[in-house]
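Below: one structure in structure tokens.
Labels for the chains are A, B, C and D, by order of writing; each one numbers its residues from 1.
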Amino acid sequence: MRDIVEIGLGKTAQRGYHLDEVAIVPSRRTRDVDDVATTWQLDAYRFEIPCVAHPSDATMSPASAIALGLLGGLGVLNVEGLWTRYEDPTKLLAELRALADADEPLTPRLQEIYAEPIKPELIAERVREIREGGVTVAVRVSPQHTLALAPVILDAGVDLLVIQGTVVSAEHVSTEDEPLNLKEFIADLDLPVIVGGCTNYQTALHLMRTGAAGVIVGIGADYLSTSDSVLGIRVPMATAIADAAAARRDYLDETGGRYVHLIADGGMHTSGDIAKAIGCGADAVMLGAPLAQVEGAPGGGLWWHSSASHPKLPRGAIGIVQEPLGSLEQVLYGPADDPDGQLNLFGGLRRAMAKCGYRDVKEFQKVGLVLDRA
Amino acid sequence: MRDIVEIGLGKTAQRGYHLDEVAIVPSRRTRDVDDVATTWQLDAYRFEIPCVAHPSDATMSPASAIALGLLGGLGVLNVEGLWTRYEDPTKLLAELRALADADEPLTPRLQEIYAEPIKPELIAERVREIREGGVTVAVRVSPQHTLALAPVILDAGVDLLVIQGTVVSAEHVSTEDEPLNLKEFIADLDLPVIVGGCTNYQTALHLMRTGAAGVIVGIGADYLSTSDSVLGIRVPMATAIADAAAARRDYLDETGGRYVHLIADGGMHTSGDIAKAIGCGADAVMLGAPLAQVEGAPGGGLWWHSSASHPKLPRGAIGIVQEPLGSLEQVLYGPADDPDGQLNLFGGLRRAMAKCGYRDVKEFQKVGLVLDRA
Amino acid sequence: MRDIVEIGLGKTAQRGYHLDEVAIVPSRRTRDVDDVATTWQLDAYRFEIPCVAHPSDATMSPASAIALGLLGGLGVLNVEGLWTRYEDPTKLLAELRALADADEPLTPRLQEIYAEPIKPELIAERVREIREGGVTVAVRVSPQHTLALAPVILDAGVDLLVIQGTVVSAEHVSTEDEPLNLKEFIADLDLPVIVGGCTNYQTALHLMRTGAAGVIVGIGADYLSTSDSVLGIRVPMATAIADAAAARRDYLDETGGRYVHLIADGGMHTSGDIAKAIGCGADAVMLGAPLAQVEGAPGGGLWWHSSASHPKLPRGAIGIVQEPLGSLEQVLYGPADDPDGQLNLFGGLRRAMAKCGYRDVKEFQKVGLVLDRA
Amino acid sequence: MRDIVEIGLGKTAQRGYHLDEVAIVPSRRTRDVDDVATTWQLDAYRFEIPCVAHPSDATMSPASAIALGLLGGLGVLNVEGLWTRYEDPTKLLAELRALADADEPLTPRLQEIYAEPIKPELIAERVREIREGGVTVAVRVSPQHTLALAPVILDAGVDLLVIQGTVVSAEHVSTEDEPLNLKEFIADLDLPVIVGGCTNYQTALHLMRTGAAGVIVGIGADYLSTSDSVLGIRVPMATAIADAAAARRDYLDETGGRYVHLIADGGMHTSGDIAKAIGCGADAVMLGAPLAQVEGAPGGGLWWHSSASHPKLPRGAIGIVQEPLGSLEQVLYGPADDPDGQLNLFGGLRRAMAKCGYRDVKEFQKVGLVLDRA
């Protein structure tokens, strides 16, 4: 049944499916939409909706992290982004938007802006700002800089740490630097860690064994991502999520009960996409572009993935996503006055669950799927 | 042979096929086109063509329901549409068309218009109008409002009742309201009920067991539908119809002879589409957009599905389908002076049956199919 | 290995492949292009190239049938076309082209023009004209009119008779007219008959059993055809040809040596398409649009299939194919000064055969194929 | 597991996959990008990057062959190109570019230009120029002209000989000329020969048995190629490379250790494409269009494949690829200031290898692949 294809003599490839290739199949039962719960709990933290922000400067400032937290999601600030490189990055963000409006090339300027060094004192400052907002505090750091930046981050006092790179493995090999040993690092911490991205069963399982509370599945790729063109890496998300869910089950069994949450990251733009990601086995979704296009988003309507600013090998474009469709609240909870699935994201999820008769997110992971051409 | 695909470890999906992925294969026999019958009989009602109107305000007014009935099809008025909310909705319909011509957003205005409460006295009035037209009287009500509106509808005296929602199940769960028990409700009626939509074998079988005379297969989705983006629900119709036909056979066997009719609803625009739906196992087709674009259609050339007016989560767009191709009669029976399959819908069906040597609609369900890339 | 797919419970479809989904695989041998033969022999008639004209008024006038014959192919005049309805149809053909240039609707005028009755005396006249050109004389008649027109055609003295409809079966059922019994009809003739189109193994086998010398595979469908939209009938040609080739083998065995030629008709526009059709098992190809776009083609650069003029249910558009690429000779034999495969059609075939090491058309039917996404 | 499909009764086709249908799957390990080697060694010649130039006049002049060699790749001059037909072809190249800018047809002029005879004395001259540049000297000759031109080429003193045609077999049949016996010819030489293209296991194995040091896999087809339209030949490269890699393993076994290098040729434009080709089993890649669009490329930004100039049957278009993205060095090694994968081709390869934890090109051939819709 598993679709392993021999692409040539002796060379096989697993067949992978994208979220838009699957659709949800209503079952023999329906349910009142008000009887459906979309809450999510990670470690001690409870959220109204299973929504994590992708830590791009386009989506997350201290203020927008607070706003998302107050509305029931989890904001994540990138401590290697502009907010820790500049005292006030808003002028630079405005400049990028102006370049976009003038149809000027954006990547070279992005590369320049991110060449500015990170200021450790700004990390503490940004964490303090978010904490004062009264929400769960989470920041993102790359695996390469985790050892160097961890002391500052931990001193600043965060609730959750997100260690995220395009592709993160549990075993990094280096002949030069002391590589990050994720397992030891996480064991020494007393706060939950989310780690990723990963793209398949094996890597997901190895990341779970590091002690992470959550694993990011996917590489955050969407229509602006060029990781396929640059690296040849592309992640069919339906398959990646389902494979990681199998790793979650096997790890649950091997540990006698440790449940690691899967946060799907990549290509979800509509409530239908979110429903499908959960239907494939995700516990929560990491949203980028949908948060970059809310009114007042930090990037002013621009969206870019963190790998877009790489100094020698950028792996994503930066561009205007779409004129704002509505406020953050409207994007998350509606009401929608446009039928394309980009408003009322979690109202749409809730209704999809109701149409299929499910009560909560965990139960909805069992929903039936159909695979078609589209 | 059944195509069950493992999209990831332990998560399977059934592969589904759309109508445009299949085509009809002529057999070893051909037949005179005049020897072919396209009649359809549901309970005591006989129709020249297996054609049911999708109960959208874009296609059905009392007048257009009469016109379709006189031409041999079955008109269905939506008792939760504009004709039961307004004494005279024609000005509102004209306003929508004017907005469309001016390229203004239509959904917000649609939401406003449908916020007006339903007037029970208008239901009786509309039913009377249709009855006076001398045709079979059928109205559509949603499952949510069936218990409340049924007394009025039944008092008004309809021939057929259509209980239709995007997705209808035989078992609705609610902690608040008394949910509709379809089986008990239908048992208490003495008129035939058509119920749906459903999308698969199991739901179809359960709906048949409610005692319905007909089951709607599909969710009416076409190019303006956004149920995939909003809910993640998409119905490959060839598979849905064939699966429901299997449920029809099994139910026929389990009841020792009760034949429930399948009415396919979704994405059929041409005579070729209709032929394929029947070739997959449908007994009749429910047409929306093709009736919305006839000369004098109630929506003035606009088309929208009822879920497009949802106040918080619209699941379909509203737009101009196409300038009218011809009169209702020409759309149904030709002659066609345009070769794209949108005129002479049932003449095209008849000729397809003749080319394959079949005599009637029931027999044509056995026609051979080919599945290809397109 | 045969790809029979269950599209829904208990309803299967054969998977079919189009010519553009397959490609030719060079084998371990190559050959000089001058050592390759493209000749074709049908009954007593020998042709330089396996090329039959599709009998549309867009491609075939008496003059163009002669021109094709002199260049080594087989011209076929439609005796139900304009040349037998009008003394001089050239003004009507020019009018159609003028309408096309003015972007006016063409189908209604086409329907009017073909409403003119066929004049038997013109059939004799046209046959005489072609015969005087010194080439093999072939005409096309539809199955419906074969019994009525055969006496005139046979009296006129043709070499080959082509009985062609969109879909022709060996068993036509009619409650009114005396239907054409192909087997008896052909047995009574003493000239070779080509009959079709057909789309699958069974129909091809039955047509072979009528005694035909050649069977047309396909329904002539190309990008202007709407038989899929109107009738739901679409023919994946690679599969249709290969299936008919299996019927040819089985019929050869059942008759102890009667070889029926397969003439592929549908969607071939380039030398690559022709090579693939033969690689799938065809003995010759029937070309429409490629001949409609040569300099001086009867349709003046317009192309339409005969079903495009149906009075009530046209099943094909009429339109300008492309500005002429070159003379008939250049289209068939080059030289090409454009690399898109539409010039030097049979030089391209010859070179494809050489690249794969084959000597003649019959041998080339064994060439290896690859099936890919495209 | 091998995907052999019956396209019709008794006619099978192997299913083939294109490079863009596969993607690379990171494994459980990652590696520092500086610990990754991209070197390649063919016979006695060592290269910094596994990069061979496609010998088109659009990419290769003596000067550009030197430039590529100095930057670590292998330049290959076509001895049947313009540089051996004309003393100074630069004016002709400029004229072609001017025609392109004026949107004039290019193929007829290309055919004229290549009608000029080859001058043997220019071969010696061009080889001398390249040798004086201090790089490995390689030239390309077609199989048809190998016997005639070999004496001049060998006298001129090249390091590597590339015998390349669209499709080359180890067994060419001719009733007229004395055909080239590759095995004997190569045995008599004392320099390494690269030969191809080939498209499958069998032809690759036979070419290896001729004694070649390297075999070209593919026919150089990219978006300007029309070999599919003209000849019906199309090469799904992922399958072709993997099949040829199986031939390499079997030949290694049958010879007890002779390793023949595979040089993939066709449709690679980005670092992601290069990574995939190696991931399928290639040892090196032959690049055409990517080198045609560097600043100062011989074709001035035009790209054409050698078969585009065929006098009677051109099999490729000539056109402007894209305005130059950067210098040759930047295209090969970055830095990239554009994220689309066309700059820093081998930096991208290196990083892909690092993300998957591999150390060198040979090891990277084992990387996992996923096959998806895209």
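Assume contacts are C-beta pairs under 8 Å (C-beta built on N, C-alpha and C of every residue); 3 or more make two chains touch, one makes a residue touch a chain.
On a predicted model such as this, the values are computed, not experimentally measured, just so you know.
**Student:** How many links in the shortest chain of touching chains run from subunit A to subunit C?
**Tutor:** The fewest steps needed to get from subunit A to subunit C is 2.
**Student:** Just to be sure I understand the contacts, which chains border both subunit D and subunit B?
**Tutor:** Expected: A, C.
**Student:** Same residues or different residues: which describes how subunit A and subunit B meet, taking over half shared numbers as same?
**Tutor:** different
**Student:** Rotation angle for the CA superposition of subunit B on subunit C, to the nearest 5°?
**Tutor:** Resulting rotation angle: about 90 degrees.
**Student:** Which chain lies the greatest distance away from subunit D when centres are computed from Cα atoms alone?
**Tutor:** Greatest centre separation from subunit D goes to chain B.
**Student:** With chain centres defined as C-alpha means, what is the inter-centre distance between subunit A and subunit D in Å?
**Tutor:** That pair's centroid distance is 40 Å.
**Student:** Provide the list of subunit B residues touching at least two other chains, using ranges where the numbers run on.
**Tutor:** 17, 239
**Student:** Every touching chain pair, please?
**Tutor:** All touching pairs, sorted by chain label, are A-B, A-D, B-C, C-D.
**Student:** Can you name the residues of subunit C that touch subunit B in the complex?
**Tutor:** It is residues 4-18, 21, 105, 107-108, 111, 166-177, 179, 198-200, 202-203, 206, 226-236, 239, 308, 311-317 of subunit C that touch subunit B.
**Student:** If you look only at subunit B, which of its residues touch subunit C in the complex?
**Tutor:** 1-3, 17, 22-32, 34-35, 201, 238-246, 249, 270-276, 279-281, 334-342, 344, 347-348, 351-352, 355, 357, 368-374
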